[in-house]
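Both complexes below contain subunit A, partnered by subunit B and then by subunit C.
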Partner chain A sequence: MTLNLIKAGALPFPDSQLSYHAMARLGIQGLLLHSTSDRFLCLGSANDPKDELDLEFCKANDINIFRRDIGGGTVLLAPGQLFYTIVLDRSHPLMPRGQYAIFRKFLEPVVEALSSLGVNAYIRPTSDIVVNGRKLGGNGGGEIGECVVVAGGILLELDIELLSKCIQSPNEQFRLALLEGMRNGVTTFSSLPEDKPTMMELEDTLAKSFQKLMGPMTEMKLQGAITERMAELAPHYLAQETMFRKGMKVNGRVVKIREGHHMIKRELPMILTNTTSITQLGVQFEWKDGRLTGVVFDSPELQKHSAPLNGLIMERIQITDACRKLLTGVKLMNKPSIDAEVELPLASAFADVFILGLET
Partner chain B sequence: MLFQNKYDLPDELYYQAEHTYARVEGDIVVIGASDYAAKLAGTIKLVTTYDIDEEIFQNKPFGKLSSGKWNGAMRSPISGVIVEINEEADDDPRLINQDPYGEGWIIKVRPSDLQNDLARLQKGGTPEFLKFMEKDFADKSAQGLIKD
Partner chain C sequence: MNVGESMNMIKIGDIELLLDRYYFTQERSHIWLMKGENQDGLFKMGFSPFLTRIAGFLSYITIDAGTLTQGAGMGQYESAKFVNRFFAPISGRVIQTNNVVLEDPRLVNTDPYGAWLVAIEPSNLQQEIESEFILTDAADIEAWAQGEMKLLEEQD
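Moving on, here comes the complex of A and B:
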């Protein structure tokens, strides 16, 4: 049975998100390509808007919020971005098991499409599309009903300043650092030397590339049963209790040792090791004059269990350098070869510490 | 490396094909994610389940585990009605990674068809279970999802 290809054009809020939720619940499999006519914030299932966003700013600027049923981070969706969503039954022969394999498989067509447009992109595990070390697109995924959904977007343009204002910041210093970090860490087609494709060119290129992987598709319109289900789903997804349901917690503790020098004690979120067990690890961060000057791991377990870290950041100077780069907005450990299951929790820990550090 | 050396999969438990477990405690069944599932999921950041008194069905979702980027369904090993949710794991999902069979249990269920459901599950330590796990482990290792 051939899969479906839906080129939905520019969808308004909240149809942009309700569309693939409806497809998945109906078991309509295939590829959805669309853009949006509105700007709005879209949060992953684990992200609570109360923790993530400056809700007053969003309200004052008429920026809507949607909390999707799949993973991934907080993104500002707006005109100038193209979104692709793969919806496949979890038992479909094309569907591998496990998030890493799924992202790897279904992001390859995106990389290939960008390559055919002259852009040398690669996948930074788990799920970023990266050009010259900067993120051109992010992705999230998960299961909705009996289907697996992978959703992502390519940035032709992005209002980074606006995004930095939507994200909750403890103070203006933090927001400016965030803005600088995003400017250094995110790119768009508009800022690349390659010719910026039109939305239609990008859409056609992506459709071709995905069909190489998924086979020829049958074009269908976003109508009938899908739009009916979207209308049924809308009250649920737009309800306050859905939007503000519980999200993940961020833990950490900052101890001021003396003026200008803080010790941050934080448990790493657990490293999935390559050996026998998941290990809870401690790490201390030394701060001076608002800069990270050192990182000391409490436990030799890190060295014992996390082989991919050996030779990469275990040297103190390398750790410090990694943190310095993070502080200036360069993504930690930008090396495609690193084990994603190690990189992500560690990068997340550093990012959290970065936030805590600025809060003090 | 053998999967037995990497994962704690107690013989007395029953396992669903997607690596949730069932532990029978009198007329109640404790359900959680196996050590294998918890490690594959990475750091679990959020767990959501159906509500108390909701009916759940064997091999169908009863909640989700989120690792941030991914929001995956947990499938129930048995059918029944949820009678208790582990609030501590709900509050600190890392318990599921740290102690999946102890403090990291997820829900307790009053089963509706226990003997038939158990007959369709894999019992820990049996040759069939070991064979199933060996294949799953080999497949995931081949995909690069598990490294020594």
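Moving on, here comes the complex of A and C:
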């Protein structure tokens, strides 16, 4: 059976998201390409807006929120980005088993399309599209109804400053560090030396590339049964209880700047803070190929002793052991050193932070 | 592929499958089902190590059905930017959810057999336990597990 190709143009909020939710529920399989005429924040299924966003700032700046049914993190969707969404039945012969294989398979056409536009992109697992080590696009996926959905976007432009203001930060210092991290970790077509394609050129190139993998598609419009279902779904997705339902429990603030680069601020367990004077651990770290490649602690004292962590495999036992070495002799405030009896649990709490990054 | 079996466990590669419980396999499920230790007729369910081998670290689990129908969706879990649905192994009523695991889904990765998700009061157990998708016999569990491992190895 031929799959469908929908080039929907610039969709307003929230049609941009309702469209593929409706397609999946109706079992309409194929590729949806679109952009958006509005700017809004799109949260993954597990992300709680109360934990993730500066809601006052979003409200004051008329930035809407949509919580999708598929995975991935919080993204700012706005004009200047092109979105591709693959909707296929779970049992479709093209659909592999497990998300790692799914992302590998369906992001390859994106890499190929970018390559044909002269951009040397690659997939950074799990699901980032990367150019020169910086993220040009992100992806998420999931099962909706009987279909698997893979959704992603390519950044022609992105207002990084605005995004940094929308994301909840414990303080301005954190936000500025986040902004700097994003500036270093994210790129857009506008900042690449290659010619920026028009939205239509990029759309056509992606459509061709996906059809090499998925076979020739039949063009259809976003109308009829799909738009009817979108209207039916809208009240549910725009309801406060959907938007603000309880999300993934996060201890502290975890912000993924891109795959392999995290900023984390985390309260340490009370039992430890009672005895060590450390109440909060703030750290930025990067890893590549499963190894820690860079660690920057907020605390200069911790930073001074952070060498044992560099180059380590992201594995709990090794990291805990290195954190114990790091903590031995670290002087914080009036404490001469970390108490021996809390050294292991504190090291373990530190290790948790790194492992949490790996899992996020 | 290394296959081992002891009185209470089958080992396929690095995956250990305990034989004190049943396995539900419909729709690519990797769910275990076990009669609770109390004499209350409740069954506990959780995810087998096959699931975490495929999905990696779990970050979020939701249970959205209180009344279950065998084979119908009952919740979702998220790992590595992907939300998967999972399906009820038997029909019945959810009597209890394990909030410790729902708050910290990584427990499924570290202790898959201890990290039960819900306790179910079955409504049609006698009939449903005969389903081809519920494996109760060691030989059937082993054959299924070998097939699953082969698929995983092909994919890796």
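Simple rule for what comes next: the second predicted complex is superposed on the first by the 250 of 360 C-alpha atoms of A that agree within 3 Å, B and C clash if a C-alpha of one lies under 4 Å from a C-alpha of the other, contacts with A are read in each partner's own complex, and residues count from 1 in each chain.
By our rule, a residue touches a chain if its C-beta (ideal position, glycine included) is under 8 Å from a C-beta of that chain, and two chains touch if they have at least 3 such contacts.
All of these numbers come straight from a predicted model, not from anything done at the bench.
Once chain A of one complex is fitted onto chain A of the other, the partner contacts of A:140 extend to both subunit B and subunit C. In the superposition on chain A, A:234 makes contact with neither subunit B nor subunit C. In the superposition on chain A, contact is made by A:69 with both subunit B and subunit C.
Within the superposed three-chain model, A:213 lies out of touch with both subunit B and subunit C [touch as defined at top]. The partner that reaches more residues of subunit A, of the two candidates subunit B and subunit C, is B. Put simply, subunit A uses residues 44-46, 69-73, 96-101, 103, 126-127, 139-143, 247-249 to touch subunit B in one complex and subunit C in the other. Taken in their complex, subunit B has these residues touching subunit A: 5-6, 38-40, 42-43, 45-46, 48, 61, 64, 66-73, 90-94, 97-98, 139-140, 143-145, 147-148.
Considering their complex, residues 44-46, 69-73, 90, 96-103, 126-127, 139-143, 247-249, 358-360 of subunit A touch subunit C. Of all the residues in subunit C, the ones that touch subunit A in their complex are 27-28, 54-57, 59-60, 76, 78-85, 103-104, 106, 151, 155. Residues 44-46, 69-73, 96-101, 103, 126-127, 139-143, 245-249, 269-270, 272, 274-276, 278, 280, 339, 341, 344-345, 348 of subunit A are the ones that touch subunit B when the two sit in their complex.
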